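Okay, so chain A shows up in both of these, paired with chain B first and chain C after.
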Partner chain A sequence: MTTAPRPALTEAAAAGRGKDPRPAGTGRLGRAPRPRRRGYESLSGYLFVAPAVVLFLVMGLYTVGYGFLLSFATWNGFSPSWTWVGLQNYKDLLWANPMYAPQVQKAAIHTFYVMVAVPLLTVLVSFPLAILLNSAKRFQGVLRSIYFVPYVTSGIAVFFAWTYILQPDGAVNSLLSTLGLGSLSQPQGWLGNPHTALPTMIVVTVWGAVPVSMLLYLTGLQTVDRNLLEAAQLDGAGWWRTNASVVWPLLRPITAIVVLLNLRDSLQGFQTFLVMTNGGPGDHTNVLGLEAYTLAFLKDLAPTLGLASALGWLLFAAALVIALINLRMLRSRT
Partner chain B sequence: MTLSSTSPTADARTPGPRPAVPRPAEPGRLRTVLSRYGARLIIGVLLALYGVVSLYPFLWMVSAAFKNQIEVVRGGHLIPHHPTFDTLVNTWNQLHFFRYFVNSIEVTAMTVGLTLVVYAAAGYAFAVLDFPGRGALQKMFVALLFVPGITVMLPIVLLENKLSILGTHIGLVLPFVNGGAPLSILLLTGAFSAVPRELREAARVDGANEFHIFTRIYLPLAQPALITVGLLTVIPTWNEYLLTSVSLNDPSTYTLPLGLQTLASESVPHYNSLMAGALIVVVPVVLLFLSLQRYFVNGLVGAVKG
Partner chain C sequence: MRIPFARISPKNPKSRLAAAAVATVLSLTPLAACGGSSGSSGDSKTLNMWTFKQSHVAGLRNAAAAFKKQTGITVNIQAYGPDDAYSTKVQAAAKTNDLPDVLEVHSDGDDLVWGATGIAKDISADVDSAWNGLYQKAVQTSGTVTAEKYKESLPTDSKSHGVQQGQRFSVPFTAGTFGIVMGNKTMLAAAGITKPPTTWEEFLTDLKATTAKDPKNGGLSLGLKVKATGLTWVLQPLAFAELGKEKYQALFGQDAAADFSSADGQKVLSLYDEMQPYWMPGTQSLDIDGADQAFAQGKAAWDIGGTFTLSYLQQNDMNPDNVMAFGLPAPQNAAVPKPALGPIALTSLTVTSTSSHPDNAEKWMKFLSQPSVAATFAKDATEVPATELGADTAAVMGPTLADMTKTFEGGTAETTYDPSDNSFRAATYDQDSMGVVLADLTPLKQKSVASTAADLAKLNKSFWATSK
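Take a look at the complex of A and B:
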């Protein structure tokens, strides 16, 4: 059975589907009068999902619930009990506490910039890139692999490499000098200058986000009906018009997915920031995820764990709102 | 030069005469040919340029890893004048990289193994079996996708501290597996749904039980999706730094990213050995990706359609 040739099976499946378009529901009805078998199927269903559900209950639901409760308390992680403070943590973060609120507001502004710039730039790079790659006849496979290296290597190793080339005497500055654009180079380093640090971090994030987005567009392009494109061309639409007025609207669902994924990652992700700048210089690249991380793990004995949880929940609420808006837009357009 | 109205791609893909379009006069034809080559040249240049952008930090990582201390400080040139293996060898020896390497493989292998076992079973149940509460459970796992990592990271650390598994590799594996649930379940449910139900019915008639149907029929047929899920689990697990860095204390349990962090937190970071360490981290996962990438691409296509 295991060595059964797969192509034959898929052909059989296709043939079977072709001559028997009966929906799955019919089969279920046929089974209905045999309750013993249904019970057996339910039981095996529960057995099959049990490991996943147990893991989810412990690592997912319990931790989420625990974090939610903690967001209404203050605790330093060591003292035996929590002190309940109601909504005070949320108020402190948003406006009440002069020690945290301004910092959180500033981090929120930085996060907002990232959330606007990263999805926008990612779409602007990955959509044309996918169009161009789709029209390349030779080297398409090789190029796709090369474009995927940022995704595969994404992590602390490649962020150190970025830090290295963004140094004052790093490769980016020397490349600019070689191209005769020495006036653009940053003598303090791209991450050392408060004005260039956040835009640089945005570029690095986009660089890491393009591979998956480009691949999503590429798979979308391959489902576009070629007759439609030919019809557009026969009607006199040029290369530019065809892509802008036919392909782009057709791929709007993909754009919605790309934007949603990148919004989510921009809102929650902070690993790149932690590794490359740790929020610096000053707090010019501090983002909300990094702020929550600092509150949770880098405050030693200060009772900031409740604050960290509250900030985590604010991020969760924001992510949920974004997802709902995005889904609504996706539905209304298609 | 302007891009002509005839697309280079459409022309190449639809050879043969197209009577609907009037043939242009000779000079116009020459211009079309020229601009077609021009367009292809521009496309080629742009594609190559982004290829360089994609590889740029990676190229410098390789370059620095083969430079010695003096040359890396001088900087400036990509190709080392005096390429040397000493940096790689010294970095490997200096920081117990072999130990970290083994640890990384252990954590990644356990995470991938557990992910495949647990979510293949769950995906099978969601795709094939009918039981009360199936839809609700499935939605619950998808909803997990929107819970930010940072929201649950602190409770996970506190919980594992209580269970005395904080700082162990199993303490990393369990949250990693759970974190991969939404995508894994999505992909595997899709793959199992595509298996024709007739096969299952036939096996039942032959007296096969549910476990046999799952392992003998569905798992072999879903092999490409299983490889996709495995690859999608390997890459982030291999590179994971956040939870690992707040969980592990004992250097003998460190994974490669933590070893690399140790290297970076020296008082004066030596970029040649830091990049050598980075190369050691990155190369295995790049090789794995290159050897299995067709599964990855096809798997994502499946996910988009589903």
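Take a look at the complex of A and C:
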């Protein structure tokens, strides 16, 4: 090795740098493919990509464009033509039509509560749970499987089971009575009381959301540098302080993802509400996703598909804004 | 770097192309499947029929066996429920060209709406007077676009917009009515009740007696998760009896002095609110089947439904002879003290426009309307058939169902509550939205009578304002 300055490259050498030093036609890499073979390769490449492109064009672009156009029309799904109404569907949903606007506003308030409570509670439950599971010395695999059960069993049947558990003579009230907490039980059932129905639905939603969030946190915990934790402990930080001041800030990107995923689900998801309450009692658990579904499919073929589509686009706009805010926050903190 | 697939067959680019082509075809297969084939039977010896009534399946299959013997045509019966799911399934099947040959539908609702959309075939030319004459007189025009129905369809936002006067999209299959109260005779006897109440006040006294006897299981069950049941099965017949036909219809009209916010409106809402202490716990979270099931299981002493409820109760192991059935009684001093409940067509049969064999489908529908077949079906399904059975009616249907049909008797045009009459409502009227407001009065106790009345009137006004 020498410290002497290298001689400058000659112009010719500089121009040839990085090029194959072998003369053309010698060696496999330097051989130019024959045009016909290159054509076959291109064609086969396009053909392999074609299914995905076609599927995207038909299932993605076409339906998205179709739905967007539909939001400016009234249609019942079957009549031969659409009636163009411009922005009227959006106006009707937001303020203009007394048949729809009050319902949408009420559903928006419920959705807002769900959007605030579900991500918050999911983080509050899944982060400590992940910490505890990560530090478990024995049966870690079994415990992880147990806590993941709600995710793998989530489905229509489980939500039907929840409705039975929450009935006036269901397991929750029975358990409370057995524990001597009968005064906390709900005589009309947890989904029958307008004051407990939405909070109960939030709890059930969180129950379904915790496993994936916990898994994300567990994944994040594997990446935390043990030296940092040891350094914190050497500085006298206890278990609580280490997790609150070292681990929690390090896992902030995971928290952002957990919050974003749950915000999206809270904004657009409605299956649980459809199965368990259908928006009831009365309309005390009606949410925007369910309102859009009802407008689209449960109005006995009234021409409200355009309204449903417009509501879908309003939800998309809200989701986009939330995603941008989340992205911005993520960038500023990391 | 060369991509791996290029090494698979470097000397044969054609095989790569073939592989890519196969991949393309396989990937697009799901799209091709979206086109689907018709759910209508392809051959002339098979028909497919869908129903939303699980309790009809056994009776229909028995009838189908007899039909096959007579004609050699096989009819496959499939049930899909509940109602909302059935409606969604039919819409989806219509979009994918996968409809069956025959559909059982809600009478004078789905049939006309599906006729307007092209799902149901116009059968007016095929249902002659001989066929139509087989049905009870009260339901003979069911499924037909009468002058009144045509007028209702004219606004562009009407669900049946596009139908033409004189068209017919269904023939009736079962008849009956809503607003039938059923009591568990054993539980009623335990509370000292042995005969049906004759007035609304007596009914409330009886409810008080059963709930006092058994606070947990002595209440009234009604599937209020389905939003309009409280409105259409209780409040409307109650309001009709209390106010009389004209004032009842005015509740849904445009005159603020006579709508729900009026003294009359508040009076009927107060009557309805008197049921508050007697609801079965959690009835607001039950759908119609769930409420009937709770009654059959002894979780409620009373149940409100229709003539069609008895079959479901029987299906859930309740002995029909243990059911005391009567029409919702009128309040004392009501304008119509003895209201009759108009027998209406409840479900009908329609031929789909995509059926490959509409002639066979109509042959099957006509077969079901024959008195002997209808009588057998009525026994199998514990239903009131739309077919006129004459003097045999009571013997065929059994004593409880015959009791229910007594509510049809003795009424005139002014004293008979006809739940299928919508001529006095706005074209965009939505009973579910009205039901949601009503639920806040009772059983949810979220609003007073006055504020419920104001909200119902406001909502009703919005229907009129948006009817074009």
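Keep this in mind: the second predicted complex is superposed on the first by the 286 of 334 C-alpha atoms of A that agree within 3 Å, B and C clash if a C-alpha of one lies under 4 Å from a C-alpha of the other, contacts with A are read in each partner's own complex, and residues count from 1 in each chain.
FYI, a contact is a pair of C-beta atoms (placed from the backbone, for glycine too) under 8 Å apart; a residue touches a chain by one contact, two chains touch by 3 or more.
Because the structure is a prediction, the values reported are computed rather than measured.
Asks: Which partner, once the models are overlaid, touches more of chain A's residues, chain C or chain B?
Replies: B
Asks: Quick check on the superposed pair: does A:Gly77 touch chain B, chain C, both, or neither? Answer first, second, both or neither.
Replies: After superposing on A, A:Gly77 lies in contact with both chain B and chain C.
Asks: Touch test for A:Phe297: chain B only (first), chain C only (second), both, or neither?
Replies: Both partners.
Asks: Where does A:Ser44 make contact in the superposed view: on chain B (first), on chain C (second), on both, or on neither?
Replies: both
Asks: Going by the contact rule set out at the top, does A:Gly280 touch chain B (first), chain C (second), both, or neither?
Replies: second
Asks: Using the touch definition from the top, say if A:Ala323 reaches chain B (first), chain C (second), both or neither.
Replies: It touches chain B, and chain C stays clear.
Asks: Mind working out whether A:Leu55 is in touch with chain B, chain C, both or neither, as first, second, both or neither?
Replies: After superposing on A, A:Leu55 lies in contact with both chain B and chain C.
Asks: Given the touch rule stated above, what does A:Arg144 touch, chain B (first), chain C (second), both, or neither?
Replies: The answer is first: A:Arg144 touches chain B but not chain C.
Asks: Tell me which partner A:Val158 touches in the superposition: chain B (first), chain C (second), both or neither.
Replies: A:Val158 contacts chain B only, not chain C.
Asks: On chain A, what residues does chain B touch that chain C touches as well?
Replies: Overlap of chain B and chain C footprints on chain A: residues 40-41, 43-44, 48, 51-52, 55, 58, 77, 169, 297.
Asks: For chain A, which residues count as touching chain B in their complex?
Replies: The touching residues are 1-2, 4, 6, 9, 12-13, 16-17, 24, 27-28, 38, 40-46, 48-49, 51-53, 55-56, 58-60, 62-64, 66-67, 70, 77, 125, 129, 132-137, 139, 143-158, 160-162, 164-165, 169-171, 174, 207, 210-212, 215-216, 219-220, 222-223, 226, 229-230, 233-234, 236-240, 242, 254, 257, 264, 267-268, 270-271, 274-275, 289, 292-293, 296-297, 305, 308-309, 312-313, 315-316, 319-320, 323.
Asks: Across the complex, what residues on chain B touch chain A?
Replies: Interface residues on the chain B side: 3-10, 12-14, 20-21, 39, 43-44, 46-47, 50-51, 53-58, 60-61, 64, 75-76, 78, 117-119, 121-122, 124-126, 129-132, 134, 137, 140-141, 144, 146-159, 174-175, 177-178, 181, 185, 195-199, 210, 214, 216-217, 220-221, 235-236, 238-242, 246, 257, 260-261, 264, 271, 274-275, 277-279, 281-282, 285-286, 289-290, 293, 297, 300-301, 304-305.
Asks: Quick one: which bits of chain C touch chain A in the complex? Just the residue numbers, please.
Replies: 6, 13-14, 16-17, 19-21, 23-24, 26-28, 31, 84, 87-88, 91, 94-95, 109-110, 113-114, 116-119, 156-157, 159, 161-162, 224-225, 227, 281-285, 299, 428, 430, 433, 436-437, 439-440, 443-444, 446, 458-459, 461-463, 465-466
Asks: Quick check: in the complex, which residue numbers of chain A touch chain C?
Replies: On the chain A side, the touching residues are 37, 40-41, 43-44, 47-48, 50-52, 54-55, 58, 74, 76-79, 83, 97-99, 103, 163, 167-169, 187-189, 191-192, 194, 277-278, 280-284, 297-303.
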